[in-house]
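Take this structure, written in structure tokens, and hold onto it; I'll ask about it next.
Chains: A, B, C, D and E, in written order; residue numbering restarts at 1 for each.
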């Protein structure tokens, strides 16, 4: 039983590591852009991936509170997108 | 290995594959819109598979429900975010001035 | 496998941090910094600190990102000025900076790795005497029991940051995220999104507040969630900036601190000392304090983002 | 119930804090009298704490009843009590002065009162806390109240000064916290004296001490980390300048002494002592030379702060020399008190000049003495102490430092003390001679001077008089200082 | 290498990166980001210390970090407000290097 538990835990961690690698690869898009929307998009991808990783870690590390963290992240995920699209530039263009 | 474990393993693998697809799309697709579509769909499918796979491992219905909730909320957030970003890109192209930087 | 994950995460953290510092475009740095927050949350998770992961998620996902984006837009001239990279520094300057920070890394790493974990520590004593604090979560026990004064002072820090931001505030029409006129061009999905996210968020905040006594969660995480909701409402124009702080807002800003101080000072009479709780009442008192603190954390954060003295509901 | 005895220790933190909250809640109109009541209550608490320390020795208060390392301890020995008392005197003056200075400026007053009162609470917390992490929170509180006060004028210069001050202060806090993290990692405690017992003199402790010290030296504007101070302190409104120079910057110096004498005594080798003392000496000389070059009154006083903050560090090289230690200890501690009172008086007097003339350019101060006799008198009296002439507290402090250095055979420090005094005389006379010079034809000032409210005229004078009182009668203060002093110094 | 050791090293390097950013970059927003990097480094160090011994997590560093995060957010928000006002008044996005 404990042996199988260990196998499942390793599997979860391996998937989590793979997703993390995925996330880091996605950083390339933040670099290349070209537009700000592309960079923002990449950041949103990171959010979804992080949620998946947290769910996996919650199971692998037996820390159920991490599922709350994932819940919080998805709940607040839209805020960044809203912030990105709703914050205008300075009305007068530049400072002075 | 029990059937549930086998299924769970398969789902996790599938989820990982979806995430990989999303990342490849993000990096390789030529236009912002194509990237937007590829990414939101692939990632949320991936998250769904991972959540389902984990739900099979879970020992209580409470945990499974929470996983479902997370996925549902992620879908809503992704829909809204994609919509907002797409609008923003459209405005950026057609509008007089680029609103975002 | 765990160590492989940790190696990847640590490498990712450092790579991201380097890019935040070195990247050419400022917007890139801001986005990368937001992504770094996500990785920090993962690091807290790996280090068995779910409380901190919760805090990081609540703060990093919504608040810090929105604050930075808003400041980025405000600080950006109309014409995107060429952002001088690190190369703008004279070469000897960059070299000196690199040498200095390298020395810090070496000294710090050497010192930190050389430290033996002490056999007895404040943390061990806290775990051993957790029962006396009235709560079951070690972190809440430390924050509201053993080291309550830090928590009190921390909420005062938030209030002071708000007061300070008032001193340097810009005129209202230029404040914060700007006059995002609601209604007119609002994306169709915004209203349903709010109808879902806001009540959910309030429920989650309540859950975190209540669960703080026995599992990860607590006043700060709950307050951060509420603040993120405030930011969302402000961004979508449901909350409008106001030129003055209303009496109700003043009360909400200081109420938690006053309550905490009052209960704390009363401890000198009802319990053994200032900031001690009478034994039978410890849990309900801590819960009451946490509720006040959650508000005292959420409101200043929302106001700091809004850049205004107060907030009003939009008039229909 | 025995614990109740030292209740005045937490009250010294809570009373100004609650007053600040009430002032914010009720708005600018009620703030001045609220602040007055709160200030008097705080002074009463501080007086009680001082009386207890003088009568019964060091007082400790375990917040929440949790003894360290579990809980946070407030600890008042002679040094802390002296600092509390000096802070109370300066704070009382600042509160009285600000009431008149800000009269009629609704918005500025509304913003000043809560920030200033929280700052007072945080300063008292800084002097009392015996917990390294609690000190971090208190220091941040002090910083975040100080920076807005600097930025209050809202013009280019003050905003730039505030921005630089904020960034440096945040870095300083984090350097401090980094050191504290190492100390906790090595000892498992955050309590100041327990760290002193457990940390030892190994390499990691040295790295931690270096980080903590660098952070505090930055907060205390010790050379070469001084550049932020003068623009920041001269931009703030006068009552805030007084608080910043007399209290906030000095809290940094206080903590340097506190930590080196209580937490890292094992590391205080002659080399380290000479290094820190050398930085102090460099501050004295550099600050004084800069003060000579300024063309406005407030920057002169601000650079004099840079200079004066350096003197107490001269204790560190002398502390290890048995023949010098005791006198140097008294001199350094007394110096902080004397400087605080005199500098607050000087800044408030300069505020009067600014208030009635609308500027503080030295060239425009000719013939000022008859117009603002009380303020110029206060400025002169305070300067006598800053120079270190009898019968002031400044003289006494320098005398103790000087004779300590000579008794220990460490004459370079004596040279620094004398030279610093001479330079202070130089920049002091430059100001005072201008003020007493004959008025240029066409009136002393460009425009008629604005009348000073009596409270603003009286406060700097009272502060200056306090410096003389402490110069004439030093025994109670020095006896207080002996309570809980480290054995090598007592 | 243990997990705690790994994160300890990462924290040290992160602190170095933060300090480098502070020294090498002048834009106010970048400096504020660098301060936050430095803060994250301190927090990471503390939490790594909390996990050095197997089977035991020290709650005191966690409490310190949670307090520290609140302080950092407050300071960041205020710093951003100050930077915006400074920019609005002067049109500068960095501090003039006029040390004296």
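Please note the rule applied: contacts are C-beta pairs under 8 Å (C-beta built on N, C-alpha and C of every residue); 3 or more make two chains touch, one makes a residue touch a chain.
Values in this document were obtained by computation on a predicted structure and should not be read as measured data.
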Labels of chains that are neighbours to chain A and to chain B: C
Chain separated most widely from chain A, comparing mean CA positions: D
Winner on C-beta contact pairs when C-D is weighed against B-C: C-D
Most distant chain from chain C, judged by the mean position of its C-alpha atoms: D
Chain A-chain E separation of Cα centroids, rounded to whole Å: 21
Whole-Å gap separating chain B and chain D, where each centre is the average of the chain's CA atoms: 57
Cα-centroid distance, chain C relative to chain E, in whole angstrom: 13
Centre distance in Å when chain B and chain E are each reduced to the mean of their C-alpha atoms: 31
Residue numbers of chain A (touch at least two other chains): 23, 36, 40, 42, 71, 75, 77-78, 80, 82, 84-85, 88-89, 94-95
Where chain C touches two or more other chains, by residue: 2, 27, 46, 48, 51, 70, 72-74, 76-77, 108, 112, 115, 117, 121-124, 126, 147, 150, 154, 157, 160-161, 164-165, 168, 174, 187, 190, 193, 197, 200
Set of chain D residues in contact with two or more other chains: 133, 137, 140, 144, 147-148, 151, 154, 159, 162, 178, 182, 184-185, 190
Sites on chain D touched by chain E in the complex: 133, 136-137, 140, 144, 147-148, 151, 154-156, 159-160, 162-164, 166-167, 170-171, 174, 177-178, 181-182, 184-185, 190, 227, 230, 290
Complex contact set, residues of chain E against chain C: 1, 3-21, 23-30, 33-34, 36-37, 40, 43-45, 47-53, 56-67, 69-71, 73-78, 80-85, 87-88, 91, 93
Touch list for chain A against partner chain B, complex: 4, 8, 11-12, 15, 18-19, 22-23, 25-26, 28-29, 35-38, 40-42, 44-45, 48-49, 51-52, 55-56, 59, 64, 67, 70-71, 74-75, 77-78, 80-82, 84-85, 88-89
Sites on chain B touched by chain C in the complex: 73, 76, 79-80, 83-84, 87, 101
Complex contacts: residues of chain C adjacent to chain D: 107-108, 110-112, 114-126, 129, 145-150, 153-154, 156-157, 159-161, 163-168, 250-251, 253-254, 257-258, 261, 264-265, 267-268, 271-276
